[in-house]
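Down below are the structures I want you to see.
Below are two complexes that have subunit A in common, paired first with subunit B and then with subunit C.
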Partner chain A sequence: MAYDIQTWVSVAAYIGGGVAIGLGAVGAAIGEGYTAAFASSAISRSPNLSGEIFKSMLVGQAIAESASIFALVIAMILLFSDFSSQSSLMIFVPISAGLSMGFGAIGSGVGSGFPAGAACTGISRQPAMSARLTTNMLIGSAVCQTPAIFALVTSFILLFTNFSSSPVSPTWAAILGAGLASGLGAIGSGLGGGLVAGASCEGIARQPKSETTVTNVMLLGQAVTQTTAIYGLLVSFILLFKIFAPTDSIAAAMALLGAGISIGLGAIGPGIGEGFTAKSAVAAIAKNQKATGEITRVMLVGQAVSESTGIYSLVISLVLIFVI
Partner chain B sequence: MEELGKIHQLIVPLFGHNMVFNLEVIFMTWIVIAILILFGIATTRKKSMLPGSLQVIGELFVAQLYDLTEDALDRKLAKTYAPLIFALFLFLVLGNWIGMVPHLGEPTKDLNTPLSLGLMGFVIAHYAGIKSKGFKAYAKEYFEPIFFMMPLNVIGELAKIVSISFRLFGNIMGGSIIILVVSHLTWSIVFPPFLNAFFGLFVGAIQAFVFTMLTVVYISVQVK
Partner chain C sequence: MAIEGADIIKAAAFLGAGLSMGLGAIGPGVGEGMAAAKACEAIGKNPREAGLLTRTMLVGQAVSESTGIYSLVIALLLLFVV
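The block that comes next holds the complex of A and B.
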């Protein structure tokens, strides 16, 4: 039974849609469950605050869920758009978009659960701070969503770029590589950013006076944590917008796929590791505000060292794209 | 949906090269600058000991941002760099918010704007570092902890430009695409105001703050 290209494009769109929301549902569900668990224990500690804690839990869960909603949007577009193309390249586009968004939503979904959980515990511990805690949680979770937004950007670019004039042979690998680079690259940073935001909510609840400093250091820590996700986005952009010479060699194509996998997987570890660093730094600053400058500097240096493995992956990706 | 990815460009041939201007970005940048200048004039026009409402707003901005700068740098440096930090933050905030007005677009949505601002911050940070430590001590830092770490340190420094600019660009661009696509899918019913509130107001303000704070911190890391 021989199928034409159009059939395969539809097949790919359905598979891509399934992958997008299937993987995309994982992270947010875990994060929201984590939040609810902490909200329950917080209510058991101070039952009279249950309304406040319940509200905070719902707000936190709503933000955590936005990663999944991004995945839902991509899945909907993949299912209901009309991908009419005679180029066999279009078979790879929906799958790559789905992989990018699906993997990309995991980290941010889980990560956003941490600050929400910590905020619920914090409200039960320090009811007077509940408004400030909720604000801090909102900021932390929103920054935590950034890696998922990067994955979303890559998916959208994949879906709305016209690849019909590109040569099929290396471009199919570039398309798949771009999706994997952004998608896998977002996992670690999403998780790490969540750890930092969680520590800051806990720190504010324990030491209300340290609020401004803790929020600032949290933002800084999260920003550095996201650097590797940005490398993933950068490699995706290069893969998508560089014009590759047509080739029949499978090796040249695989180099591009390898570039995406290299930075994608390589970004996971640094993201989580830098998250641990910044988490402890934020907790330490909440305890000892006087040492803020010193702790921040050590945090930045420690994160830079942790990030060096991500930079190795980036270098290998760039070598695979430009040298080989 | 058709307008997605379309850019109005002015291409000027010059000595065999083509100079490309993104007209829309230039217009939007100038609109932001004009509004900021008007805001500056309006807040400082009638200065008095008993401040009027506009003057209070202006003083509030300056005081808040100055405190932030002084926390990261010390008092002497804060005096030098605070005006830059105010200008950067106000430009970014207004630039990220202006997309909420129909027919206007964020200048930060184009990678050129964040990249040039990031490059500016990078150059200023290194200039401040050389000025405060002297070139020898500055150059020596690249060979720490061991001399063969030099290439990695250089890549790490250059990566800062990439990360700071792509973070802003990715967030603003992603937000604007989401608003466009979701509004299109729902025929602009109910959803757009909430999306604009989240991606425009909230994410825009946070990303402007993150960008500004990182620029300050990069300066302070180089100086100390």
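The block that comes next holds the complex of A and C.
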């Protein structure tokens, strides 16, 4: 039974589309559920504010939803585009694009739920701060979405690059590796950024006077949390744009796939860990603004140590790509 | 295309190196983050002990880092020695 390349490209596109929205729906659903749970308990505490809390819940959920809308867009493109290609590399492209966007939407979807939930609770505690809380929630969740956007960018580059002139081996492994690097790499940073944003909404609600400091430290903490997702994006770009010499060796291909897996998985832990650190730092600063300097310094030192394992993964990825 | 045994062994070593470092980085990353989180909270409560708390945090993180370094060593062994 022999099938032509076109058949396999269609098979891959349908599998990729399923993977994209299947995995991509996980995060947003959890995040939005979390938000709704906190909105319900906030409304039960202060039913007279139900309108305000309801509005805040919907805005927060809409942002959390965007990650899975990205995944839906990629799934739609994969289902309805006509990928005609003579190169068998095109079989790997839709699968990689699906993996990238599917995994990439998980972290941001769950993460964006945290600030929205904390904002709903906060409004029931401090109704006077509701405008400020909503602004802070919007900033925090927007930063949370960046890892999902990195994954989206990688998926788009994968889908709209013409690989027909590249050698099939080892480029097929580079394509799969690129999708895994930015997809898996986005999970930790999305989740971590959400933890930070959630703590800052809670801090502003408890200590309205600390709002400026808390927002600033939140942004600093989120920026450090994003770094591992950026490493993932960096490795994806190297894998996508570097020109590899044609080879029949399986080892050369596996080195590129291994590079994607190494930084993809390796970015998850530091992303979440740095998020925990910044979350507690923001909460501590909200309670004791006088110690802002000391706490920020310890936060950055702690995050730097936590980052080190992500850097080891980056080093192993780069060794696999450039040295081996 | 004839696939040679040595090529497959190399391929497995490279993939193994990626998996080793990738999975091995998850635990220390999360664990060290938690250690630093509690240090931040503690300094918020008691800023005068910032020096002692930072030292404790760094020692704790260094111990937690060890498994990440084991993964790094195994990955490097798979890449260059095996």
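Keep in mind that, in the parts below, the second predicted complex is superposed on the first by the 324 of 324 C-alpha atoms of A that agree within 3 Å, B and C clash if a C-alpha of one lies under 4 Å from a C-alpha of the other, contacts with A are read in each partner's own complex, and residues count from 1 in each chain.
The rule is simple: a contact is a pair of C-beta atoms (placed from the backbone, for glycine too) under 8 Å apart; a residue touches a chain by one contact, two chains touch by 3 or more.
Given the structure is predicted, the values throughout are model-derived calculations rather than measurements.
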Between subunit B and subunit C, whom does A:Val73 touch in the aligned arrangement: first, second, both, or neither? first
Applying the document's definition of touch, where does A:Ala281 land relative to subunit B and subunit C: first, second, both, or neither? second
Looking at A:Trp172 after the superposition, I want to know if it touches subunit B, subunit C, both of them or none. Which is it: first, second, both, neither? neither
Quick check for you: in the superposed arrangement, does A:Ala223 touch first (subunit B), second (subunit C), both or neither? first
If you count the residues of subunit A that each partner touches, which comes out higher, subunit B or subunit C? C
Quick check on the superposed pair: does A:Ser308 touch subunit B, subunit C, both, or neither? Answer first, second, both or neither. both
First (subunit B), second (subunit C), both or neither touched by A:Tyr34: neither
Contacts for A:Phe114 in the overlay, against subunit B (first) and subunit C (second): which applies, first, second, both or neither? neither
First (subunit B), second (subunit C), both or neither: which does A:Val143 touch? first
Considering only the touch criterion stated at the top, classify A:Phe156 as touching first (subunit B), second (subunit C), both, or neither. first
Common interface positions of subunit A, toward subunit B and toward subunit C: 307-308, 315
Footprint of subunit A on subunit B - complex, ascending: 1, 4-5, 68, 71, 152, 155-156, 159, 162-164, 166-167, 170-171, 173-175, 177-178, 181-182, 185, 198, 202-203, 206, 209-210, 213-214, 217, 221, 224
The subunit A residues in contact with subunit C across the complex are 184, 188, 192, 228, 248-251, 253-255, 257-277, 279-281, 283-285, 287-288, 290-291, 294-295, 298-299, 301-303, 305-310, 312-313, 315-317, 319-320, 323-324
In their shared complex, at which residues does subunit C touch subunit A? 1, 3, 7-8, 10-19, 21-41, 43-45, 47, 50, 53-54, 57-58, 61-62, 65, 68-69, 71-72, 75-76, 79
The subunit A residues in contact with subunit B across the complex are 70, 73, 76-77, 138-139, 142-143, 146, 149-150, 152-153, 156, 160-161, 213, 216, 219-220, 223, 226-227, 230-231, 233-234, 293, 296-297, 300, 304, 307-308, 311, 314-315
